[in-house]
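You will see subunit A twice below: alongside subunit B first, and alongside subunit C after that.
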Partner chain A sequence: MSSISQNAPGKTVLLMGNEAIARGALEAGVKVCAAYPGNPSSEIIGTLAKVADELGLHVEWSVNEKVALEVATAASFAGLRGLCAMKQNGLNVASDFLLNLNLSGCRGGLVLVVADDPAGVSSSNEEDSRIFAKLGDLPLLEPANFQEAKEMTKSAFEISEQLGLPVLIRSVTRVSHARGNVCLDELPQSRPKPRFENSLRFHALPAVLNHKLLHEKLNRAKQMFEESPFNFYRGPEKPELMVATSGSGWMYSLEAMINLNVQERVGVLKLGTTWPLPESYVLEHLKKADRILFIEEVDPFLENNVKEIYAQNCLFLGLKAFFGKASKHIPDVGELNPEIVTHAIQNLIQVPYEPRPADYALRAHEAAAELIPARALSFCPGCPHRATYWAVKIALALDGRDGFVLGDIGCYSLGMGPSGFGQMRTLHAMGSGTGLACGFGQLNRFGLEQPVIAVCGDSTFYHAAMPALANAYYNGADFLLLLLDNSATAMTGFQPHPGTGSTATGKEAPVIDLKAICEVFGAHVEVVDPFDVAATVETLLRLLQEEKGVKVLILKRECALVSAKHQKRLYQVEVEQEHCLGETCGCNRFCTRIFKCPGLMWDKAAGKARIDEAICTGCGVCTRICPASAIRKEKA
Partner chain B sequence: MFISRDPFNVIIGGVGGQGNVLASQILGEMLVSQGYVITIGETYGASQRGGAVMSHLRISTKDQFSPLIPEGQCDLLIALEPVEGLRILDHYGSPRVMTLVNTRPIHPMDVISGNAEYPEVSKVIAKIKELSRRVWTLNATEVALEMGDPIFSNIVMLGALCAIEVLPINQQGFELVIKDLLPSRTMDENMKAFNRGREVVQEFY
Partner chain C sequence: METGEKVNRGLKALGEKVLNSDQCTACGACLSLCPYLRSWKGRVVKLDNCNLEEGRCFAYCPRTEVDLDEVYRGFFGKSYEEIEMGPVRKIMMARAKDPIWTKKAQTGGVVSALIDFALREGVIQAGVLTPRDGDLLPQGKIITNRKAVLSCAGSSYVSGPTLEALNRGPWKGQERIGIVGLPCQALALARMKTSTLEKKTPIDRVDLVIGLFCTWALDYKPFMAFLYKRVSSLSIKKLNITPPPERILEVMAGKTLSRIPVDDIRPFIRPSCRVCLDMTAELSDISVGTVEGKEGWNTVIVRTAMGENLLKRAKKAGVIETRPLPKDNLSHLKEASLLKKRRALDALKEMGEIEKGYFTLSANLIKCILSESGETLP
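Moving on to the complex of A and B:
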């Protein structure tokens, strides 16, 4: 049995931060959970989907984040508890609804978890979603470890109901995607019945009146947060330096104190309720120290908000020195780690710190510089996207008019790198490749002669590219859209979507056919298997040269990682050593130098190519590219 | 058996797709069931496939440590790939580190394309030895391929980890954890991989 659904109060289990958030929602009696997958948030709803039937929940992968928030909000309006989860970029999509929902208010507990991705480890940006709490006058909580992720989520539902407002929880990669001990509490057994009370109104309008009511609610939140258990201070009564921190910064600060052995000299003020800040509580702690260092991930949100409180009260607080992102003691971009925090504290209180002997570090650096080759990201062996970009590269070269590819969000974003032969030229938001193509597709009247290609994945298409495609036909744009249909939301963990025929909880669902939608939207649509390289190149070239208007080519081939779960490999692939001419072939190592699938190796001793049997998945695409036909495949 | 430092810091590193996340989760679960406070930090996402990946495990009897190990503070390195082992020692190694390494290379794209050289494996292992207090080696990928699927390499490595007796883990603990975590039809093969790892690992002098 999954530990997430165990009704075992007092039991300690190892949970991922996202699982702890899911467990907190279950302990709060959540009934409706919705999200669009996006790392580092995906496992919150993924975990709940697995126990939905067992615990009687509705859990869905919605088509995008705005719809997900609306679905969870409907539960709240009907008096149930609703949870919505997304990554930071998702909040941009959902924000139009959120910044009206704050005015209308809600009823049943409604919690919106946003998992931020400092350094953009699995994102196109590293935006700090906390600013939306300030923008929308909404209460904000920031969990600092796994246990707190569970407790805060549970508590957020209570706060939401007391205020009649959605509550934001801001997690980060190193909380969401890390694991740690979590002690479980009881799961409630209540079965509340939903009902929409017709005496109630959920209107954003009248805007000014509701804005005023919202400010009153926010003031109540501020009062509630004065007593919150998620804010505490650890350290001496009069510290030389006080660290003020939130979220992942708490764990890094503790680690830094241990590294430097300065627990007697430095105090840590850990804040969990970061909007609105509990003003009296903050003031009371500001009195303790004259030097304050802010530790938080991405923007100086806490730093600036504490400074605002200080500015209002500086006459009786006296002079203080603030350190953090503004003073450059902490980097204002990228992710934090224990070293950055350790060095910042060390710098401010002048204590020695040598993490390891200097001569060892020198020897290790020398060995690394001498021996370690770089390891660039690449498409998986057997990935259909490699074959697609290969065909695009060949077709654009044959076409000869300097065509280009507009990119989108998904595994295929790697098309900007060597694995996709550098083909992708733009990368922004979900669906933006097709939107940009709508614009480029109008520029021929000004003399643009280059063919325009947009790429888009199947899940991304339902999420955000459909409006762009409708726009293209309506306004008469001229471009070729490549729908890379691998039948999964692959990058975030293979979640199903409206084209896959199953729901989040594994039930059968109607398939919304990509080809049919594109045809209804007026596009000329063809379908090809990217593993059939010759047919793909031929079709691409024909569509680029012979057709005008909106053309869609669906490149249909299941994600290799999904295939590996339910079917045997297609082929046994081998480089026939007697046929591979190696260094003497005129191809100049075409298979490894240009195509460079990780399943291929260059055997230096033999001077020939061969297959790495630990990596090759048997897609057989490389057999099409060897000029000597030395790469052979046999049905496996 | 107890941990020799608190926190005791373990890094499992390799190439995306080698199964370091699952290995770290199994190891973490084995230790939590014995009452340890565990934190695991994982690097994945865009580096899911083909890139260098690491899991950081903090093992403590008292505190929840951060999911990232500081510079030079790794006590035990489990390298699923040789140059990735060396890459990790470059930042996290110190004279106290012990290293368990799978000797089977995975060539990076730059090596496949001819833009970079993959060093002689023996040279990499010798450097790892120079930078580690103790080193154990095995070709876990080969063992897994003999079993019919390279996917078992990470489990072979966990078996080897059990054999070197650096951490308080045993076969029964492994069996209990994978019963919960992995499909039951793979139980026999996973136990076999674990035991093969125990048998073939050797200390490198």
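Moving on to the complex of A and C:
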């Protein structure tokens, strides 16, 4: 039994932040859960999918975040509780619906968890999703630890039902992906029956009237948050400095205070209900200190909103000094850590503190290097994308017209770096490669002579590239879309999608045929196996040079990590030592220095390349890149 | 160097001086040595830069810094001095006796018959020849038997990267190799042989080079585009240029024979051919060409002991028959060979200075080639 599905009130279990959120939803009696995967949010729905059958839930991976939110909202409209999860970029996709849903309101508890990725560790940006709460006049909660992640989620459903509004929960990587103790509560046994009440209306219109109603709801939220247990103050009654923090900032602040041993001098105001802020509660605490430091990740959301409250009330509060991102005491980009917070507090109250030596990071790196082999950010061994980009690089060079590749979101985004031979020239949102190609594909009338290529993965295709492809055919754009069909949403953890033949809960699903879709959209479609580099190059050149209009080349080859689970390796690959010329070859260690499949390694002692038997997947692609033909394969 | 910077003799320089300057002969000497050079439809393309300051690609190229004296000394043991058509031991007309060779071959079938004979006699264990694919695109290929030799006979007047096959191999045992190549390829092979670079190629296995006379080769892509406009069928079976003074390109496409004046295809001659000094593939063991006015016969120049020995044995075995080359033909051949050299020097002069060309040759010899008589000046 999964630890999140056990009905063991009072039991303490070790949970990942995302699992705690999932457990919170279960304790709230959630029935419908939907998401599009995206780090660091994926485990919320991933965890629920595993217990869906056991607990009688509907859990799905939807094709994109907007659809996911709509699916969860339908449950709410029918009187059930619905949960939707996504990463920060996903909220942009879902926002069109969300910013109408706020006006129409909802019925059953509806919670939208957005896991932000400060520093963009596994994202294309580090946007702060909290702005959407303010933009949409929606209540926002920010868990600061694992227990709170569970409690807040559970509570968010209640708040949602009381207000008739979706409630946002904003997590961040270090809350979602770290683990801690969580004390469980009871799982409800109720089986509510869904029903759409025809007496009810869920319309955004009339907009102005609903906007007014929304503001009233938000005011009620503000009142509710005045009493919220998620807001508290810890510290002396008259602190020299008050830290105002939310989310992950709470743990960092605690650690900094312990580092500096200033618990008697510095207080911490920890806010969990960050939109709308409980104004009276905030004002009451602002009275305590004249100097306030804001600790929060990504944007100065709390900082600016508290300053707004202060500005409105400054006559009563007197002069205060605010520190944070605006004053440059806290970096305004990237992820925080205890060291940054410690340094900021130390700066402001002048306590002695031995900071980390300047070369700490370097020495830590060196120490780790002795234990862990240095590996650059790279495609996995046997990844079909490496073969694809190698073929693209060759084809574009042979074509000779300076063609270029428009990128998209997925594992293949690594195509922007050395692992993809630097082929990908743009990277923005899901589906943007194909959208940009629609535009580039029109520029030939102004004299653009370069071939235009867009790349897109299978999951990304269903998510956002399909409208762009329809647009391409309709408006007569001329470009080649490379559909990198690895039959997985690989980057976020192999979640199934409409092309994989199974659902989030492991049930068999109809397979949507990518080729058929593209053909219906009017594209000239061909399919090739990227492991056959020669055929891929040949096909790319033919499509670039001989076909006009919108072309799709499907590069079909299952993700190497998925294949490894159910298929033995294709080939036994070997670097024949007598043929590898090593340092004396003109290739300048091409296989391990440039092509760089982790399955190839440089044997320093022999001065030659070797196969790392432990991780080589036997794709055989490298046998075609060695100029000395020293890499050989045999059917395994 | 004046700047104190290291002079690049690697891929960077090859790109600047040869590939991007349209001086590539598509011989294939630089291919399969490095992952960044590829041939495609008659062109050699650089995929990326490389950080080696010195590379085999540059060292073996027949269009980069060739010291002709050094190469000729390395190959023949004497400098570049026989300016008419290189060192000649013997010169004659010859043809293959077995009609299997003459039927398919361009003229007398001597090249195919000699390679086949060398294979059968164990003089070599593999040949590197140049078959054409269904679209007449020449490619280097390793062959080991008669059937494969036959598939390589004939010409499309397009140069192909034959030497890529030599570099690529793989050569597993102790095979000795015979290569049939154009003059630029013979020069590249001689450069490989005489190179002082440590890095290895299979050149030490090459025991036999049969050179083909060549006045020029065509650039594949524009030539094919032209041909398909001029012939009715997409299936072109054979190309042949009739001897002077007529000089007509005969194209057998489908079941129809089209006749195209050679002047019409001159625009597709590779620019790198215009600066070539060598018509008779001088750096070979045996050089083979056509004979003006004697259909079905080859001109054969024996240049080395190896070549002489092979020819003697082939003749004794009844594989080929020979006749003396008529005097008029000999003098025409010398004239044509010298004319190519003079034109190359003229072309280099037009491009700048001869001294800045891709080879070094003494001013005396240059003067000598440019003079009408072709005799060495005192």
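One rule holds in what follows: the second predicted complex is superposed on the first by the 610 of 636 C-alpha atoms of A that agree within 3 Å, B and C clash if a C-alpha of one lies under 4 Å from a C-alpha of the other, contacts with A are read in each partner's own complex, and residues count from 1 in each chain.
Convention: contacts are C-beta pairs under 8 Å (C-beta built on N, C-alpha and C of every residue); 3 or more make two chains touch, one makes a residue touch a chain.
Note that the structure is a prediction, hence the values are computed from the model and not measured.
S.K.: May I ask you to name which of subunit B and subunit C touches more residues of subunit A?
M.R.: Of subunit B and subunit C, the partner in contact with more residues of subunit A is B.
S.K.: For A:E613, using the defined touch cut-off, is the partner it touches subunit B, subunit C, both, or neither? Pick first, second, both or neither.
M.R.: A:E613 contacts subunit B only, not subunit C.
S.K.: For A:C380, is the partner it touches subunit B (first), subunit C (second), both, or none of the two (neither)?
M.R.: Only subunit B is touched by A:C380; subunit C is not.
S.K.: With the two complexes superposed on chain A, say which partner A:N39 touches: subunit B (first), subunit C (second), both, or neither.
M.R.: The answer is first: A:N39 touches subunit B but not subunit C.
S.K.: I'd like to know which partner A:L371 touches here: subunit B for first, subunit C for second, both or neither.
M.R.: So A:L371 only meets subunit B here.
S.K.: Touching A:K596 in the superposition: subunit B (first), subunit C (second), both, neither?
M.R.: The answer is first: A:K596 touches subunit B but not subunit C.
S.K.: Quick check on the superposed pair: does A:M251 touch subunit B, subunit C, both, or neither? Answer first, second, both or neither.
M.R.: In the superposed model, A:M251 contacts subunit B only, not subunit C.
S.K.: Looking at subunit A, which of its residues have contacts with both subunit B and subunit C?
M.R.: The overlap between the subunit B and subunit C interfaces on subunit A comprises residues 594.
S.K.: Could you list, by residue number, the parts of subunit B that touch subunit A in their complex?
M.R.: 15-17, 25, 28-29, 32, 37-52, 63-73, 83-84, 86-87, 89-91, 93-95, 104, 106-114, 116-119, 123-124, 127, 130-131, 141, 144-145, 150, 153, 180
S.K.: Taking the complex as given, what residues does subunit A use to touch subunit C?
M.R.: Listed in rising order, the residues are 393-394, 397-398, 400, 421, 541, 579, 581, 584-588, 590, 594-595, 625-629.
S.K.: What residues on subunit C touch subunit A, complex-wise?
M.R.: Touch residues, subunit C against subunit A: 32-35, 38, 40, 43, 45-48, 50-52, 55-57, 167-170, 198-200.
S.K.: Where on subunit A does subunit B make contact in their complex?
M.R.: It comes out as residues 3, 12-14, 39-40, 117, 121-123, 145-147, 173-174, 177-181, 248, 251-252, 254-255, 259, 337-339, 342, 355-357, 360-361, 363-365, 367-368, 370-380, 418-419, 491, 589, 592-594, 596-598, 600-602, 612-615.
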